[in-house]
Amino acid sequence: MSKKTIILFSGDYDKVMAAFVIANGAAAMDDEVTMFFTFWGLSALRKPKGTAAPGKTKTMLQKAFSTMLPKGPEKLGLSKMNFAGVGPVMMKKVMKAANVMPLSELIDTAREQGIKLIACTMSMDVMGIRAEELIDDIEYAGVATYLAEADEGNVNLFI
Amino acid sequence: MSKKTIILFSGDYDKVMAAFVIANGAAAMDDEVTMFFTFWGLSALRKPKGTAAPGKTKTMLQKAFSTMLPKGPEKLGLSKMNFAGVGPVMMKKVMKAANVMPLSELIDTAREQGIKLIACTMSMDVMGIRAEELIDDIEYAGVATYLAEADEGNVNLFI
Amino acid sequence: MSKKTIILFSGDYDKVMAAFVIANGAAAMDDEVTMFFTFWGLSALRKPKGTAAPGKTKTMLQKAFSTMLPKGPEKLGLSKMNFAGVGPVMMKKVMKAANVMPLSELIDTAREQGIKLIACTMSMDVMGIRAEELIDDIEYAGVATYLAEADEGNVNLFI
């Protein structure tokens, strides 16, 4: 049993999926896993559209950024061959046919396995994303917390 | 002598090149190196066009994906300044002038140095890529194998 | 006290920023930090436009590449939502409002904290970038130097 950390910087469906496949695989082998969500990666932790809290305290620019960011894992695009959203639809169909879990289930599994999900507070400020917009039962911290976790990890990835 | 692992997720010429430069450098210093090819990174292991096996058992969507994926290292685009394929041509010329090995030679060198190349089977299913389409003498495995290798590595990168 | 290394391959404002936030955070916790700048990441080390040395000894292709590469940290684009340069302007405004240091200050802080900045010489050859075009007091080395540093690191990231 050892510890793994992943910084998830990317908000691309395929990269987020890769991150959760690695994280779930490690947790299944009894590793302790911490995922640190920063910048575009925060999109993976957002609640679906209807449930977002009203944007009262955001500046206009924060509103602009947060409006354009995808709301939740099933809204993410691909890093390549996105084709205005057709790529992800295709990929999800192929994944289903290949019996690969969709991203939203991979995230549920991560939570069930006790993987620690941490939202980067500095990125939340920059992107104009507030805690109420993110899924429940996650932690909030900054770079010092990441570094403390990574110091204990034997595998530390930036995705 | 220590061990290095690289997950090659990207299929961009420049990133694949960076991965093989690091891998070959480590192998030249007597390190054990394992490269794990996943998602777009599988393109780097594909055989050139003519040699691909016929797509009989693929679904239509798998065929669509695998048709659009570049066939072999010399068909890859750049992550930036690709300019519809002009960028890679320019970069290869500059590399030649600077006496830098082209990607296909970097891959040959990796094989000669005994670097372990592993194709991710889950990604192959999703992308619709079959073993016959990939270069010979590579291994096939999933995330558990990657994690076992990474646990032994002192440097583990995601590219 | 331990050692961290970061390969900065990306030249995107947001990714370069993430790299320096992690590097500065680690240095503030008394870690030794080495950053290795390769490919597009070299842009972050370039001097602003007017101060660049004349391109006499470059080939035409090297000139083309180096002309297109951003000159210095404040000229970099975003990896997502760049919108022809509007994205970075927006992000810098939001960062200022959130009291987050702009990239150029993050780089200054890294230097003040004694973070070792190494420019990859092979990438400089390929990109047509010469030492006179990069900021002062950095080091120049190849993959062997990176690997020697990474062997001593307990956290090694590729960004």
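Each chain gets a letter, A, B and C, in the order it is written, and its residues are counted from 1.
In this section, a contact is a pair of C-beta atoms (placed from the backbone, for glycine too) under 8 Å apart; a residue touches a chain by one contact, two chains touch by 3 or more.
Nothing here was measured: the structure is a model prediction, and the numbers come from that model.
Novice: Shared interface numbers for chain A and chain C above half of all numbers used, same, or below, different?
Specialist: different
Novice: How many degrees of rotation carry the C-alpha atoms of chain B onto those of chain C, rounded to the nearest 5?
Specialist: Superposing chain B on chain C takes a rotation of 120 degrees, nearest 5.
Novice: I'd like to verify one number: the distance from the centre of chain A to the centre of chain C, where each centre is the average of its C-alpha atoms, in whole angstrom.
Specialist: 25
Novice: Enumerate the residues of chain C that touch no fewer than two other chains.
Specialist: 156-158
Novice: Given the complex with chain C, which residues does chain B contribute to the contact?
Specialist: Per the touch definition, chain B meets chain C at residues 2, 14-15, 18, 21-22, 25-26, 29, 31, 79-81, 90-91, 93-95, 97-98, 100, 154-159.
Novice: Give the list of chain A residues in touch with chain C in this complex.
Specialist: 7, 9, 11, 38-40, 59, 61-62, 64-65, 68, 122, 125-128, 142-144, 146-147, 150-151, 153, 156-158
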